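Each of the next two complexes has subunit A plus one more chain, namely subunit B in the first and subunit C in the second.
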Partner chain A sequence: MENYRIMKQLGQGVWSRTYMGQQKDTDQLVAMKKFKANSCDEGVDFKALREIKLLSYLQHEHIIRLVDSFATPDMAVVLVYEYAHTSLDQILRNRDIPLSSPDIKQHIRMLLLAMDACHEKQILHRELNPENMFYLEDGTMKLRGFDLARMHDGKPNTLLSPQAFALWYKPPEVLMRSQHYSFSADMWSVGCIFAELMLRRPFLMGQFTELSQLDKIFKVFGTPNESNWPDYAILPLAWHSTVPVPPVAAVSLDGIFTAAPNDAISLLKSILVLDPSNRLTASQALRHPYFSNEPPPTPKGNLILSSPPPEAN
Partner chain B sequence: MDSRDLYLDMKQRQSEYVSPETYSPNASYLSFRRYLVDWMTSIGESFRLHDSTIHVSVLFLDKILRSRNEIPREQWQLIATACISLAAKYEEAEEHCPHIPDLLRVSKLSNAGHTSLTFREGETQVLNYLNWKLRAVPAIHVVGYFHSCGVLFDTDRWNNPAPA
Partner chain C sequence: MTSTSDDPVVMSVVDRSIVPILSTAHETPSRRHGISAEVERTHRLYGTSLLYAATKLQKLNASTYATACTIFHRFYHRVSLTKYNVWSVAMASLLLATKVQDGPQQRTIRSIVLFFDHLYRKRRHLIISTKDSSSVPSMSKLGPVWKEYYENVVEMENQVLRELGFTLYWIPDAHPHKFLWEFVRILLGLEPVPIA
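Presenting the complex of A and B:
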């Protein structure tokens, strides 16, 4: 701790607080995450060690870099990351920042590259949302928020908790209480973020409850049936449900994303698919013609990350 | 990444973590190492930890005691137990990690006056000795690779999605 100056608190999670700090010797800005004291009968924080494990295994241009870790005198673990200036959430909410089609292409491309790196190393992120996409000053997107991430060997007997994922980015199989979801679950969240970039508002905004979120999804993609999702009937929620859901047909995404180019909609349609086994993987999505078609993605250095300073008179 | 890349990466890490070059024939723990390892193995067995977890904890211990002759013999047991606890947190599922009071009882550290609080200080000390670098690859990890050779074909992937 003696090597850093804490400047301000940035946020607070269930298990940790994050701060903006400065390395005393170099004046380098950093983000610091301090894990809240747990019961001392557990010793050094398990979650902190697992995050160190994942991040040291996942070194990649688009994954946040861990620069240091230490314990405070009161035995709390602090992880120190490179400092990111803004997040996609802040960019989307700032109406003074224009977002062109080539900009969108670069944002989603960087997310897919990060996702491909995670999935290739058998890591599920499970908390993709615009708040976890951070940007360095040079426009490089850095994926963060590996609190819920885990190694996944893809074995069918590995059970995963349906408690992960933020509601609006939660895939239908997880909402249906599947414990056997896989990398395709992250891809659903990627699709939701892609849609949000185009709409400039969250795409599927359920209200507080998981049922409301499922309802939103089914109203757009149709209710699951034998042909659009053959395995849905064995998911816990479908299996236990006694209330028949009146069948609804899917609506066309072209009618929702009227301003988006055809190749973008084509990619979106191949990612946001009810049946997880039919979603594109991150590496397949990166080979979609959308990325080789004109216009090319905006060079990341040219992305606008904050509103222009007010013009001097 | 296919299994061969994985193997090469493991091989490199294996020799990096506790490099043969740092072997020091004068380290004072060497004549007791056999007993320490035996003892760590039996603790691993009582908590039903994977063998690989104990192998990792022995690598941690070697890395520390090879280079730090100044650590007095009374502390070896604490350090060895902290190595086991940290290796479990790094390698095992959360629900398989030993609860510290149980670990203190089984390791008899509680008889020596240790509590959960002092043990956590021991764990932190070990993390500092290791520079917080816990990615050790013991030989037992590489054995898994050899086991799978001949069962897997070059075109097999780790997971279902075959590239289109």
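Presenting the complex of A and C:
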């Protein structure tokens, strides 16, 4: 703690607070996440330990770098990350920042590269959303938010909690309470972020409850049936439910994304698929013609990350 | 792998496997405090045997045991046996191992304390040894015994983290033990066991 100067509080989560700080020796800006001490009398927070473990294992251009970690005398764990200037959430909300289609291509490409790195090392992120995509000053996207991430060896008998994921980015199989989801669940969130980049608003906005989120999904992609999702009937929610859901047909995505180019829609259609086994993986998605077609993605140095300063008259 | 301190074969196997990994194996802090190699080895094996018994009692899986042992041995490559006793370090190692392992390996501090207390009395022959975990007695949360145990574990956990500099990530999730076991079986000409 004595090596850092705390400058201001950035945010507060359920288990932790984030501060902006500065390394005293190097004047380097850092983000510091302090886990609340002794939240449940169980000593050091295991979530902090797991995050340290995963981030040290995952060293990649597009994943946030852990600079340091230490415990304070009152037994709170502090993780020190490199400082990121803005997040995709802030970019999307700021209407002064234009998002051209080459920009979108670069944003989604960096996300897929990060995802590919995670999945290659058998790590499920489980909390992908624009708030967890941070940008350095040079435009490099850095993925963070590994609080809920975990190693997953792909064995089908590993149970996973259906409580992970933010609601709007939650894949349908997790909403149906599956405990056997896999890397394709992260890909659904990637698809939602891709759609959000094109629409500039969250694509599937359920209202507070998981059922309304499912409803939103089915209204766009149609209700699951034997042809579009052969295994859906064994999912806990489908198995237990007694209320018949009136079948709804899928809506064509072309009608929703009127401004998007055809290759983008084709990629989106192969990522946002109800049946998890038919979704593209991150490495497959990166080989999609969308990324080799014209126009090429904007060089990351040219991405606009904050609104231009008001021009002096 | 189930290290018992009176078995010379196991002892030499364990020792040889540690030496090449850590360059300072002959210069452990305990050695500098005048503890002979023999005594240090016995203490360390006693510690891991405690970990083994505790993981068995708590029905934790083998890789949690292996992780706990790794943390335990690393700690004593940094800190002398004269400073911290193997009981406290074993408890903290097991607690940290359950925290870094993924999956349903979580144990509360309370259950770890209760099981180690049970083991303590068992090792001191204060109770008749039993393998049944349901016979582990409870303990009042208000009494001095609980308080001492609890403060000791939390303090020790912090100490281990500090000494290891949070390098728990270096320990892989998948340990090679199962593979080695298969390998040995094949060398002995036995049928391979189907992996569950």
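Note that in this section the second predicted complex is superposed on the first by the 310 of 313 C-alpha atoms of A that agree within 3 Å, B and C clash if a C-alpha of one lies under 4 Å from a C-alpha of the other, contacts with A are read in each partner's own complex, and residues count from 1 in each chain.
Definition applied: contacts are C-beta pairs under 8 Å (C-beta built on N, C-alpha and C of every residue); 3 or more make two chains touch, one makes a residue touch a chain.
Since we're looking at a predicted model, the values are computed, not measured.
**Q** Overlay done on subunit A, so just call it for subunit B and subunit C: clash or fit.
**A** clash
**Q** Using the superposition on chain A described above, determine whether A:Ala259 touches subunit B (first), subunit C (second), both, or neither.
**A** After superposition on chain A, A:Ala259 lies in contact with neither partner.
**Q** Could you figure out whether subunit B or subunit C reaches more residues of subunit A?
**A** For subunit A, the partner with the higher number of touched residues is B.
**Q** Does the superposition put A:Glu120 against subunit B (first), subunit C (second), both, or neither?
**A** It touches subunit B, and subunit C stays clear.
**Q** Which partner does A:Met151 reach: the first (subunit B), the second (subunit C), both, or neither?
**A** After superposition on chain A, A:Met151 lies in contact with subunit C alone.
**Q** Have a look at where A:Thr281 lands relative to subunit B and subunit C in the superposition and call it first, second, both or neither.
**A** After superposition on chain A, A:Thr281 lies in contact with subunit B alone.
**Q** May I ask you to decide whether A:Phe183 touches subunit B, subunit C, both, or neither, giving the answer as first, second, both or neither?
**A** A:Phe183 sits against subunit B, while subunit C stays out of touch.
**Q** For A:Ala249, is the partner it touches subunit B (first), subunit C (second), both, or none of the two (neither)?
**A** neither
**Q** Kindly classify A:Leu159 by the partners it touches after superposition: subunit B alone (first), subunit C alone (second), both, or neither?
**A** second
**Q** Across the two complexes, what residues of subunit A are contacted by subunit B and by subunit C?
**A** On subunit A, the overlap between the subunit B and subunit C contacts is residues 41-44, 46, 49-50, 52-53, 56-57, 69-71, 75, 153.
**Q** Please give the residue numbers of subunit C that touch subunit A in the complex, ascending.
**A** 95-96, 99-100, 102-104, 106, 108-109, 153-154, 157-158, 161-162, 166, 168-170, 173-174
**Q** For the complex, give me every residue of subunit A touching subunit C.
**A** Listed in rising order, the residues are 41-44, 46, 49-50, 52-54, 56-57, 69-71, 75, 150-151, 153, 158-159.
**Q** So in the complex, the part of subunit B that touches subunit A is made up of which residues?
**A** Within the complex, subunit B contacts subunit A at residues 1, 85-86, 89-90, 94, 97, 99-101, 116-117, 119-121, 123-124, 127-128, 132-135, 158-161, 163-164.
**Q** Under the touch definition given earlier, write down the residues of subunit A that touch subunit B in their complex.
**A** Those in contact with subunit B are residues 40-44, 46, 49-50, 52-53, 56-57, 69-71, 75, 120-122, 153-154, 182-184, 277, 281, 283-284.
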